[in-house]
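Following are the structures in question.
Okay, so subunit A shows up in both of these, paired with subunit B first and subunit C after.
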Partner chain A sequence: MKKIILLICILFLAACSNSASGGNDFPTKNVEIVAPASPGGGWDLTARSVQKLLNDNNLVDANINVVNKPGGGGEVGWQYIQSKDAHNLAINSSLLITNNLLGTSDLTHKDFTPLATLATEWQALAVPVDSEFKSLEDLMNQFKKDPKSVKVGVGPALGNDDHLSFVQAVREYDVDPKNVDFLVYEGGGDVVTALLGGHVGVVTTSLSEVKEQHLAGKVRILAISSEERVEGLEDVPTYQEEGLDIVFPHWRGIMGPPDMTEEEIAYWDEKLSEMVKTDQWQEVMKNNDWEGFYKNSSETKKFLEEQTKLYQDLVNDSGLGQ
Partner chain B sequence: MDMSTFMQGLTTALEPMNLLWIVIGGFLGTIVGMLPGLGPATAVAVLIPVTFGMDPVSALILMAAIYYGAMYGGSRSSILLNTPGDGSAIAATFDGYPMARKGMAGQALAISAVASFIGGLIAVAGFILLAEPLANFALKFGPAEYFLLMLLTLSAIISLSIGRMVKGFIAMLIGLMLSTFGIDTQTGVYRFTFDIPHLSEGIDFLIVIIGIYAVGEVLYNLLTIDKQKKEKKKIGKVWFDKDQWKRSKWPILRSGPIGFIVGVLPGAGGSIASMISYTTEKQISKKSEEFGEGAPEGLAAPESANNSASVGAMIPLLTMGIPGSGTTAVMLGALIMLGIRPGPMLFESDPGLVWTFVNSMFIGNIVLVIINIALVGLLVKILDTPAKVLYPIILLLAFIGTYTLSYSAIDFFLLIIFGYLGLLFKLFDFPIAPLVLAVIVGSDMEQNFRMAVLSSNGSLGVFFQSPISIGLIILTILSLFYPLIMKLIRNRKRKHASEQRKGA
Partner chain C sequence: MLRKLKETIEQGLHVSMQTKILGLIISLLVFIIALISTIFGIMELREEIEKAENSAEQTAKTLSYMPVIQDYATAIERDTKPKLKGIADQVREEINATGIMIEDRNGLIFHNVSTSIVSQLSKSDETYQAIMFGSAYTKMLGEGEEELLLGIAPIYVDYGSYIKVEGAISVIFQMKEIKADIITDIRNILIISLIVLAGGCFGGVMLARSIRKDTFGLEPAEIAALYKERGAILQSVKEGILAIDSNDQITMLNMSAKQMLSIDLYKKGIPLDAVFSSNNVIELLTSAHENHDVELEFNGKTIILNSQPIIDGNKKVGTVASFRDKTEIKDMVNTLSEVKRYSDDLRAQTHEFSNKLYVLLGLIELGRLDEAISFIKQEVEIQEFNTDIIFNQIEDEKIQAILLGKLAKASESRVSLTIDTNSSLSPLPEYYGLHPLLIILSNLIDNGFEAVSHVNNGEVTFFVTDIGKDIIFEVADNGGGIDQDKLPMLFQKGVSEKGKQRGYGLSNVKDEVEQLGGTIEIETSVDSGTVFTVSLPKNQK
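And then the complex of A and B:
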């Protein structure tokens, strides 16, 4: 017991001594990166990668902590930084836009200061390898004939990128997305299990979830939402090549509280743009099957506005809108 | 399997550094498993930053050791304090706690460690021989099969509350109602969230476990604290006797494979595995009336099952890249950060890693049984701790454990509410396990039911289509009626015997 008390005291001292460092105009205290999710998930790992890279490359002259604030599809974490200052950043993704459109949140990207778009994944549409559908066209024609004949696996929630990218694809074929049956699984892994077991006919998910299975010859990816074919999957066409006008990034970014000063924005623009140039960041992206998608603060702001328009449209068509 | 890669894996696993990670992971796992609320998922998640700098093999070894270490540890507090550390340790309260109250705490701790050990070994052997066919079998489980598996689990637990069946049903229904809180996955509709974003993910079953068991137990003891005599509780021997071993031997050997197979199914896991093995043993036992009163086999069976389930859960993770439980999901994230993408290619692209890992589980189980038996003497001292010291500590741990779940103070209110619910359950003699199990499986059960019906365009025939479904339905019916049938047969035999006696 004495040892434990001693240990706690040491930890406490360590924490105190750390917070005393710093000294420039900004940052004046510890930096906090909020992962609006539980440890171990995608947002958490993004936050921890950013923390590690900023630390390892001595980019930020302050301690950086990752704080997990899970709940409400990001809502809890984002609400948390709303009342903080420029030392508190949060990881985000398209849920920042869709939560509001789906009516589950009052927050929009306008309630924050976008700092950067960091990277993107691409969406993939996959069928079992022995499926009768050999191409995107085969599949879409079947949906046109009878939208309920093929069940679509998606996860973890309707209204996310996986779902909406599919909505965008079917409506190009004049199929009403409202008539399609979606089976909603808890996550990308469950969706792939269901596909392998033949419990759904097609899945729409992140490319990384099905890439290995495609290479192993267990599923067939019919189309990818990227602009150009993806390295390592040269046999898989893009939506554009299949005649659909779709490029659908599944991006993730980072933002700060509202009302940040010009200097603070410039500070983070500089640091984050340096971070994405490091070799380590390339490695992180490679391990996660992400692609470089860096946009600085002002570009991200514009990007988010365009995205909001697109998502508004898709959410309405999906029948989920308010 | 290639013998030389296997041996190579064994050598790598025995490297001093890796051996050290096994011991650290196993020890850490045992500790977090013991503490209510702090489970393996939290422990692995907290260690993710540490694994960033590690060799991928060592990281995997460490994380897995924490995982099955927690299966050993989870039952410690179930036995000693009637407060399970995790969902998979609930079944250990049924007979483990009564054993401790009878002064057999030492024996209970020892037998559960040995049962975990044997269950673990069976599962590692299963992993080596059957990894791929089992992974393919698991794929056959669609929404209909999952629904039926969960129905079987609930009917099994209801059948346990014989004598107070109605109370068991009421408890289960409360649990099912609690599981409807949060966002409805199929439609995205928010249910019972009262505009609190935190509630949108539903009520974490761990809060229910900690509240009802740990806080409830403390509150209950608070009421009775003055009446308790200051007698020195008997601790008993720290090793089980021959008779206990004879009774437990076969249940342990039977439960290992059961737990392993349930563990392989993504999403099923240790809670379901231990519950199914417990009821199986109770129903086939000749001494089924002793179950719940401190039967050693009633403790040994679920302990063997939950540990082998944790090994089984590694199969979908490594062969398909599909996490089957909360902990393996966190592990998957960590492995991806290290540049390893578990999946169908892993066995071919990196056999060294796979076989080192398998061997580390083998060594890990040996290390853990030694750690846990060595700890028995120390742990039983908890029973000697005065209530006024022990219960505040339990409360403190309960609150810390709850906070680590989602770092939100709202959970404290839930914790207190469930604490009082637990108190009421104890006062009115309601069984707790049906409620907790219903909270654990309820939401998955509902979603799978709806997915199954959606995929069949509304026909209920989907539940009778596959051989697996039929098998599960038969087991469900058996689990509900077998105890009744047995009772009838026994009564008739007795009648028959007495008639014969009369005749003679």
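And then the complex of A and C:
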């Protein structure tokens, strides 16, 4: 019995000294950034950009590796870092919230330590350039008249930010989104192809997917989900300008495992806030049509709570006729 | 309140062993059964719900891809309703679901559940997420009897280049049915538990009986009382009692044994050789045979030992031994023999007087009065002579008494006991008790009587003086003396010329003389007889 108590004491002391030294000498080993998707996607790109910038600017005194853990809409990668320590980070996005709300995952942002929101993309609502709908109002009125008269293209799945931003928009016009025909395509590219091919009347997708087509005069972007007009697309109004109270970022962030110490959180706050100030980061964002959306750990936590509330309202029920 | 509780507890302590055992078994079993049933119930409920959730969701997903259902949902083919109903009923059979419901974007298009469930579900829009966002999930809704578990999946229809959610399918379970299954399982467990409980009670009764058989039908409380009683008996006995076990460790020792064997620090289980140093004693105590009245020297005491081995089957499992202090027995024997001697002496005196009275009667009847008168005078003279010396010169009353007794015995035995006229004795100090003096003088004088009993004109002479530091007694006889070769053994026990069961006299005399710190000497010859001289110190050291 005495031996067991002694052992517990030793373990306890060891645990104390471990966490203490962890705070002082962090990082003590290689840092791993998990991209919860296959190489080549947005998450992968974000992970590799963060890796490159932290290394190039000598911000972190340790090797940084990027690990791809695709599957389950991010679930596999996120599950992976849940049991790791503060050396293992993962890229996230709004899927962390919607996966849970739509019943595909048990994980929520509360199961992790949010470290930063890094950047965002915006959603665009686009119609063919020869469409009869010249403005958002035209389109919405048509939906109000007959929800099934215009087919909407989304991709790659229902419940993503593109889809949700549109659901929010039609609901503002008192249209039951349940009556709208959503055609689900495999990806952003297919959505645009369908739009150009006349298979759908309108698409909701990332701005980057339709920006070039808009500039080339093939499609018309009716509204954009940002707060202010976007550089290079000064002719495109925001939802807010069109009278709808919608700002819908498609954000990306980075998070760590649960129960990180305050020292560890402070460390990453410092490093990541320095990283987003570099010119290289500005360049990465410009190249990908991202926008600076940096929030530190505590701001991100608050932001995620707000977002969860917003998504909950959108997802849970039609909110109409009640 | 407290007192009442206390009373209850005290009464509780006196219940029979069987009640105790049964009470314990029943309460333990009931507790365990309740615990297990509860845990089982909770686990089973969780497991069943999880199982139902999984199968509801999986079934909903699977069904959503079936062409029949897809065609039905897209309204391509609604003539297939009977076929659909077949499938729906099959689902109900195979996974024990209550039924399924299919909705398209406009509302319910098919179901095989009761209308009450349909109306219950129509109040809320549970399929919204499936139809709107294409997600599959489970939902619990309602309460109590109406509690439902739904597995909902979107009906995705693949149109080649794109897919579209055309509706949703719900697989419905009624919680009351799941719970009913669990209640049946728990009831089965309880039935088995009751059998176990009955078995436990039976076992308890058997155990109690078996224990009572081993304890000769005595309750533990009675055994405890007997045990205490035994302890009290053993402690109150004057004999020393000691018990050892098969490992030669002392298991019991009473107070008398402790005193007799001078054991101060007794602890149960100490080995025999820690108490006794003599191998002889240990051998006696550990022998497999009984020992009767064995005399032992232990710490300067003479002890009489009896031992009885305890035999279980063919094996010795222990020994019980008892001890008596020999000195005490000896004192008792001595006291008895003195009493006997006193009464003998008194009887002798009575006999002597009646003899003399017969002589006088005879002389008077014959008319020889002169002779009678001279006989009386002669007797009076002898009496006066002896008593004069006894009462005038020997002032110690104890010695007076002894000598008067011996004079009577001499007169009866027809031997002559003469008190030397030179005898003189002041009262003896207090510490000279009657008992040792009686043993010394009585034995020596009686021995003298016996020595002269076959001699003509046999005479025993007694002399005492306390002039000087010592008191000197001298008993002389004119008998045949003692053989030289018997002299060395004269004072040993059991050496006597008077046959068996004799020979303790001189040995006792010697013991008593030595106890008083005196010496005894003997002078003997065939011609002049034997003289015993005892000298005792006046002042005890």
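Everything that follows uses one rule, which is that the second predicted complex is superposed on the first by the 292 of 322 C-alpha atoms of A that agree within 3 Å, B and C clash if a C-alpha of one lies under 4 Å from a C-alpha of the other, contacts with A are read in each partner's own complex, and residues count from 1 in each chain.
In the analysis below, a residue touches a chain if its C-beta (ideal position, glycine included) is under 8 Å from a C-beta of that chain, and two chains touch if they have at least 3 such contacts.
Keep in mind that this is a model prediction, so the values were computed, not measured.
For A:Ala194, select first, second, both or neither according to whether it touches subunit B, subunit C, the two together, or no partner.
A:Ala194: touches subunit B and subunit C.
Classify the contacts of A:Lys178 with the two partner chains as first (subunit B alone), second (subunit C alone), both, or neither.
Touch partner of A:Lys178: subunit C, not subunit B.
Mind telling me which of the two, subunit B or subunit C, contacts the most residues of subunit A?
Ranking subunit B and subunit C by residues of subunit A touched puts B first.
Based on the superposed arrangement, let me know which partner A:Asn287 touches: subunit B (first), subunit C (second), both, or neither?
A:Asn287 contacts subunit B only, not subunit C.
Identify the partner contact of A:Leu102: answer first if only subunit B is touched, second if only subunit C is, both if each is, neither if none is.
In the superposition, A:Leu102 touches subunit B and subunit C alike.
Considering only touches as defined above, state whether A:Gly73 meets subunit B (first), subunit C (second), both or neither.
The answer is first: A:Gly73 touches subunit B but not subunit C.
Now for A:Val167: first (subunit B), second (subunit C), both, or neither, which partner does it touch?
It touches subunit C, and subunit B stays clear.
Which holds for A:Pro237: it touches subunit B only (first), subunit C only (second), both, or neither?
Once the two structures are laid over each other on A, A:Pro237 reaches no partner at all.
Once the shared chain is lined up, is A:Gly40 touching subunit B (first), subunit C (second), both, or neither of them?
first
Have a look at where A:Val315 lands relative to subunit B and subunit C in the superposition and call it first, second, both or neither.
It touches subunit C, and subunit B stays clear.
Using the superposition on chain A as set up above, list the residues of subunit A that contact both subunit B and subunit C.
102, 104, 157-159, 181, 183-185, 190, 194, 199
Where on subunit A does subunit C make contact in their complex?
102-104, 153, 157-159, 163, 167, 177-179, 181-185, 190, 194, 199, 315-318
For subunit C, which residues are in contact with subunit A within the complex?
105, 125, 128-129, 131-138, 156, 159, 161-165
Quick check: in the complex, which residue numbers of subunit A touch subunit B?
38-42, 44-45, 48-49, 52, 67-73, 75-76, 79, 102, 104-105, 148, 151, 156-159, 181, 183-187, 189-190, 192-194, 196-200, 208, 212-213, 215-216, 218, 283-284, 286-288, 320
Given the complex with subunit A, which residues does subunit B contribute to the contact?
By the definition above, subunit B touches subunit A via 41-42, 44-46, 48-49, 52, 138-143, 183, 185-188, 190, 197-198, 200-201, 266-267, 316, 320-323, 329-330, 332-334, 336-339, 341, 343-345, 406-408, 444, 447, 451, 454-455, 457.
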